[in-house]
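Inspection log for the structure reproduced underneath, given as structure tokens.
The letters A, B, C, D and E name the chains in turn, as written, and every chain counts its residues from 1.
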Amino acid sequence: MRQSFVPVLTVLTFLVVLWYAAAVWLNAPWAHDRATRSGEVLTTQTLIADTWSQDKPKLPAPHQVATEIWQTTVEKNITSKRSLVYHAWVTLSATLLGFVLGTGLGVLLAIGIVYNRVMDMSVMPWVIASQTIPILAIAPMIIVVLNAVGVSGLLPKAMISMYLSFFPVVVGMVKGLRSPDAMQLDQMRTWHASAAQSFWKLRLPASMPYLFTSLKIGMAASLVGAIVGELPTGAVAGLGARLLAGSYYGQTIQIWSALLVAAALAAALVGIIGIVQRVTLKRMGMS
Amino acid sequence: MAWLVFAVAAWIAGYSFNVWLSRRPPSRWASLAAPIVFGITLIAVWEGVVRGFEINQVLLPAPTVIAARFVTSTEILWVDFVQTVFKGALSGYIIGCGAAFLIAIAVDRFPFLQRGLLPVGNFVAALPVIGMAPILVMWFGFDWQSKAAVVVVMVFFPMLVNTVQGLQASDSMQRDLMRTYGAGYWRTLAKLRLPAAMPFIFNGLKIGTTLALIGAIVAEFFGSPVRGMGFRISTSIGQLALDLVWAEIVVAAIAGSAFYGLMAMVERTVTFWHPSQRK
Amino acid sequence: MAFGNSADVMASKTDGATPIGGRDAATEAVISARNLDLTFQTNDGPIHALKDVNLDINKGEFVSFIGPSGCGKTTFLRVMADLEQPTGGTVTVNGVSPQEARRSRAYGYVFQAAGLYPWRTIGGNIRLPLEIMGISKAEQAERVARVLELVELAGFEKKFPWQLSGGMQQRASIARALSFDADILLMDEPFGALDEIVRDHLNEQLLKLWARTRKTVAFVTHSIPEAVYLSTKIVVMSPRPGRITDVIDSPLPHDRPLEIRETPEFLEVAHRVREGLRAGHADV
Amino acid sequence: MAFGNSADVMASKTDGATPIGGRDAATEAVISARNLDLTFQTNDGPIHALKDVNLDINKGEFVSFIGPSGCGKTTFLRVMADLEQPTGGTVTVNGVSPQEARRSRAYGYVFQAAGLYPWRTIGGNIRLPLEIMGISKAEQAERVARVLELVELAGFEKKFPWQLSGGMQQRASIARALSFDADILLMDEPFGALDEIVRDHLNEQLLKLWARTRKTVAFVTHSIPEAVYLSTKIVVMSPRPGRITDVIDSPLPHDRPLEIRETPEFLEVAHRVREGLRAGHADV
Amino acid sequence: DDVTLQLKWVTQAQFAGYYVAQDKGFYEEEGLNVTIKPGGPDVAPTQVLAGGGADVTVDWMPSALSAREKGLAMVNIAQPFKSSGMMLTCRKDAGVESTDDFKGKTLGVWFGGNEFPFLSWMNKLGLGTEGGEDGVTVLKQGFNVDPLLQNQAACVSTMTYNEYWQVIDAGLTPEDLQVFKYEDQGVATLEDGLYVLEDKLSDPAFEDKMVRFVRASMKGWKYAESNPDEAADIVLENDASGAQTEEHQKRMMGEIAKLTAGSNGALDEADYERTVESLLSGGSDPVISKAPEGAWTHAITDKALN
């Protein structure tokens, strides 16, 4: 952790410098465009100043995004509709519900696949195929169909999160539940353990490292799902709504700040799972 | 009612057939047939339920309707397929995976980068595509280049992380052996670490296949020429041509699964030596 | 030396009274194999892991199995434990089928590697079969304490496996097999991974334990001195197809200090085992 | 027995002429360690893997290292091979630093596990060091054929490692170390995973090879008979901190049939090694 | 009584009438409990209506008629918007001064049911839409005006009340731009109308609900027309995304008022006929293949407005 501080900082510094440079490069055409139309002459200095302070830049400068994030998180009351904290919370609730549902579904499917030969033989290719369907395309249909049967509110969004997050959990848990070696399974046989006993006492604990890795990927996927799910519900609130409203009005600064907050949210959620993982595995003596 | 009975009957028939299959000694044939039977069962149940409950075709068309549309629209589907898969997804996939591979080697060569780049990379990887897509469309224009860019962003990190992990997969004894031969960095890379990394690299490549397709389609929602699978899906929803939407989804699913299957096959020939590939 | 019919060999060897303790073992066959065959079907064609194997193990005997790699030792042990189905012949354990014996938890099995669960402490690992067999908490604690004492690991109950040396892990694994007090112990190269000194020590311990508890033990090993030192009966096997080529009753006394390994009697038995083994190797 | 200063022991042992072959070995030290120290820094605190180790290995000698697990045998071999940096003292190989020796490919190293690359055939594995050393294709083929012959694996060139038994893999790994014909062979428990018969056979082969090629061999083992059977000099080590407690020159003749293991001289040396080992164990 | 209204787009002054009616209690006065669901680029109002997620929806006539032909019997029950706000906004520096300059240019068009008026216009101009020298290259415009600002297209679709002002806000001046209003080109189609499912209308209770709904909504619209600033404020309060600005909404309300002016809510049959004609002539692949029947009714407005 500590040894990576300096390298991370270096890379970040490099990225920020690159970002500023890219902002000049990408925003310069517009600055020139406007200058020619108004007949101004741009010096290098005014050009750079202009590219870093445009209202709707092609690429906003880091400080513009930082200011926007600061204004929409710290300086706004968190119950305000203009507060990113409020929108992050809206997205977070759908993410968490979808994550719980997805994990549940994933684990159940994995148990089915591991314990039932019929499922083992037939389900997996379709689980993979399900992930090749563009979610953005069927999200509106899912929402409408669920609406038609009277389900609305948080749940439809959570279902889309679930759709994206169950996949890594199935894949990881099938691997994990199969990770006990033949000898460990034979041991259970010699003690004449029931299927339930071998599950709780052998397969499940053995799958823990795999479970946590899957949970991390699943959580990130779930967040993407929640954001996608916000669009076909009228994008009323949430980070997805901010992204959409931002692109609708060409508010690049708003897009970038919503993007970064979404990524930070994902990082935080994954980080929390990481902590739980470390504590659990430590207590299980597996780290 | 008859259709609902049909759905239930189809389910029972499919399930019992697979039970029968699973009781037989395992064979290549059975492992191929089981998922197919499962899929056919699903489709039959879908047909039965849609017709049985008389679900409006603008909400969920029946498989037969989709199939009929598929057959009459092959020309459109093909044009869209070329635009999205060949131009957008494939070029992005190749550029993204290729760049990730090269950077992985650089990251591996300089541990400083590894400690610095990977955490930042993980953060960047968490940026949702839905947000990236409009930006990239703005930067790279509305044609396939922006779709390829979205795909590059999507496949880059899974590939990078897997390759970096793979390059560390050779055990220390194998590396020590190379030292005793006085082999340098590049020789060790070529003769030991790359072959040992192959299972991981293919993991990244396989994950990338589905991501590439989804990325290319999703990006078309945010501006595109008047062809492409994402274009067709988004505009057809507006026109309530749900059968065409589903036909495109079927193409996407087939293409995605085939792409994945192809990678899995290449993997099997390249990493034939890996315990998971041996029988 | 080559043995045309192992059943004959069997008869001539096991019918005599065992020289140890003077008890008449022949009347109390605990494990009995008759014309045992086991063929694995693989995509390279069938592998005859066991062919026409006949053997009786009597109550309280310590039987070692020795033979080159792949001769079917593990397979034979696994058949006794109902972990593998023979394709021909019969095995009975305590007069019933191996499956029934397994259901009644008639034996403890010690695998080649320690195979402790890393997420359980040593105590937790030993408690595992007891939990599965539904033994009360109080008794679990008591038994765990007792077997830990037996393998000299008292005080390590709360430690995790990786905090112990390989030898200690192996002892924990033996403790686990002992915890539920089965009459039959099946041990598959339990000391394979240990260094000679630790191995000697564990051999001594095992012998003491056996003398005290009068369990029946089937023991697989690669080491000739180990086989000779431990056993009342040594079964030499040879591969392709796996079969019994020699059964040697040990003339050594019941009480065996480590030094016995340098006595002429010991060396003689060892020599005979080595000859038997070499014959098996030459066959190939 | 405890040795206060291993350097003294060293001096008194190695200065005399070796009893084998009558050549004056002391003047031809191929590997020489002086006051060698190696401490690993771990998060549990430092581990003294080697402390104050002095040793000379002469040209053409076969030196075995024996000692309980964790006493630093592997570490010592790795220092000689420049796979580990000593934290104190010096080692020279052929008069130069281990690093230079490694660069000039002065030795072949056989690891404890076979460590063959699964994606290469047996032939490909043996060819690997030759490719790296830039030897011509034709000569590669010739050498591969020769060493395969040597370890009796002719005909298995095209097989993949997992298609061979453990013993065959181990032999392939030895063939690989022999292929580039280095003068020094470092072998870390190469026969650990094999059964006794195969092991005996390979021991014989190794001895023959050594006699024929006059290589210098440093050999780590856990088995006392193996050490005594193979070596001209046996180095007994003891752990925490890893140090040399005894260096035994073998009085056995150069020519050693397997039966030599039952002679009194052999047993006497074995006994002395065992005593040395036990002393080390008791220390702990 | 509960009524759910599905909007065609996100919460903005385009739908001020409904929000005003809600906020001012006009719906309540009619005994209605109205839920307003915002739309967006990923919401197809027709599909929501079909799925039962809404009782009534705001939609444009081309998309409603096309849905009708696809088997979803949508009926126009009221038409608060009299005229069309759709136009093509071009950059003069891209060389577009008149419709003759379109040839060989790239034009941004909204799809999803909104492309039909454009296609019939191009058809009328005799321009192909498959690209090349003699036709125009069509680009599926996302939901913003970036392609124009980034010079990726010579023209983009805009609404008088919305996207046009985004172009202006971005720094282009009206002098830099050449606009073509569909109204002026004679290809205008009817925009925001209220649609319900035909079979539901046969239920007198539902019909009565709609009568009250339309009455209250029109009251809202007329209030919004005369109090644009207050209406814009009400819209802002109802915008849950917090993305709208006061300045923009007030301006939009001003423009919207121009479009609703002249409509009392009842559909003008002549407008309808013009729309149908325009859609029937929509180039090679017309939106509707034959004139629809029963696609509108005056039954509701007749009762509501008297």
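A few remarks follow.
Methods note: contacts are C-beta pairs under 8 Å (C-beta built on N, C-alpha and C of every residue); 3 or more make two chains touch, one makes a residue touch a chain.
Everything numeric here is computed off the predicted structure, so don't read it as measured data.
Common neighbours of chain A and chain E, by the contact definition above: B. Using the contact threshold fixed earlier, the set of chains in contact with both chain D and chain E is B. Contact analysis places A-B first among chain pairs (by count of C-beta pairs in contact). The distance from the centre of chain A to the centre of chain D, each centre being the mean of the chain's C-alpha atoms, comes to 54 Å.
Inter-chain spacing, taken between the CA centroids of chain A and chain B, is 18 Å. Chain geometry summary: the mean Cα position of chain B and that of chain D are 51 Å apart. Residue positions of chain C touching 2 or more other chains: none. Each of the following residues of chain E touches two or more other chains: 41-42, 44, 47, 50-51, 142, 144, 146, 150.
Residue numbers of chain B whose C-beta contacts span two or more other chains: 59, 134, 138, 221-222, 234, 237. Interchain contacts (touch definition given at top) occur between A-B, A-C, A-E, B-D, B-E, C-D. Those residues of chain B whose C-beta lies close enough to touch chain A in the complex are 15, 18-19, 21-22, 30-31, 34-35, 37-39, 42, 59-60, 112-117, 119-120, 122-132, 134-135, 138-139, 210, 213-214, 217-218, 221-222, 229-230, 233-234, 237, 242, 245, 248-249, 252-253, 255-257, 260.
Here chain E touches chain A in the complex through residues 7, 10-11, 37-44, 47-48, 50-53, 93, 142-146, 149-151, 166, 169-173, 176, 239-244, 248, going by the rule given at the top. Residues 41-42, 44, 46-47, 50-51, 63, 66-67, 70-72, 111-115, 129, 137-142, 144, 146-147, 150, 152 of chain E are the ones that touch chain B when the two sit in their complex. The touching residues of chain B, when paired with chain D in their complex, are 173-174, 176-183, 187, 191-192, 195-196, 198, 271-275, 278.
Chain A makes touch with chain E in their complex at residues 29-30, 34, 37, 55-56, 58, 80-83, 86-87, 136, 139-141, 144-145, 147-148, 152, 231-237, 241-242, 244-251, 254.
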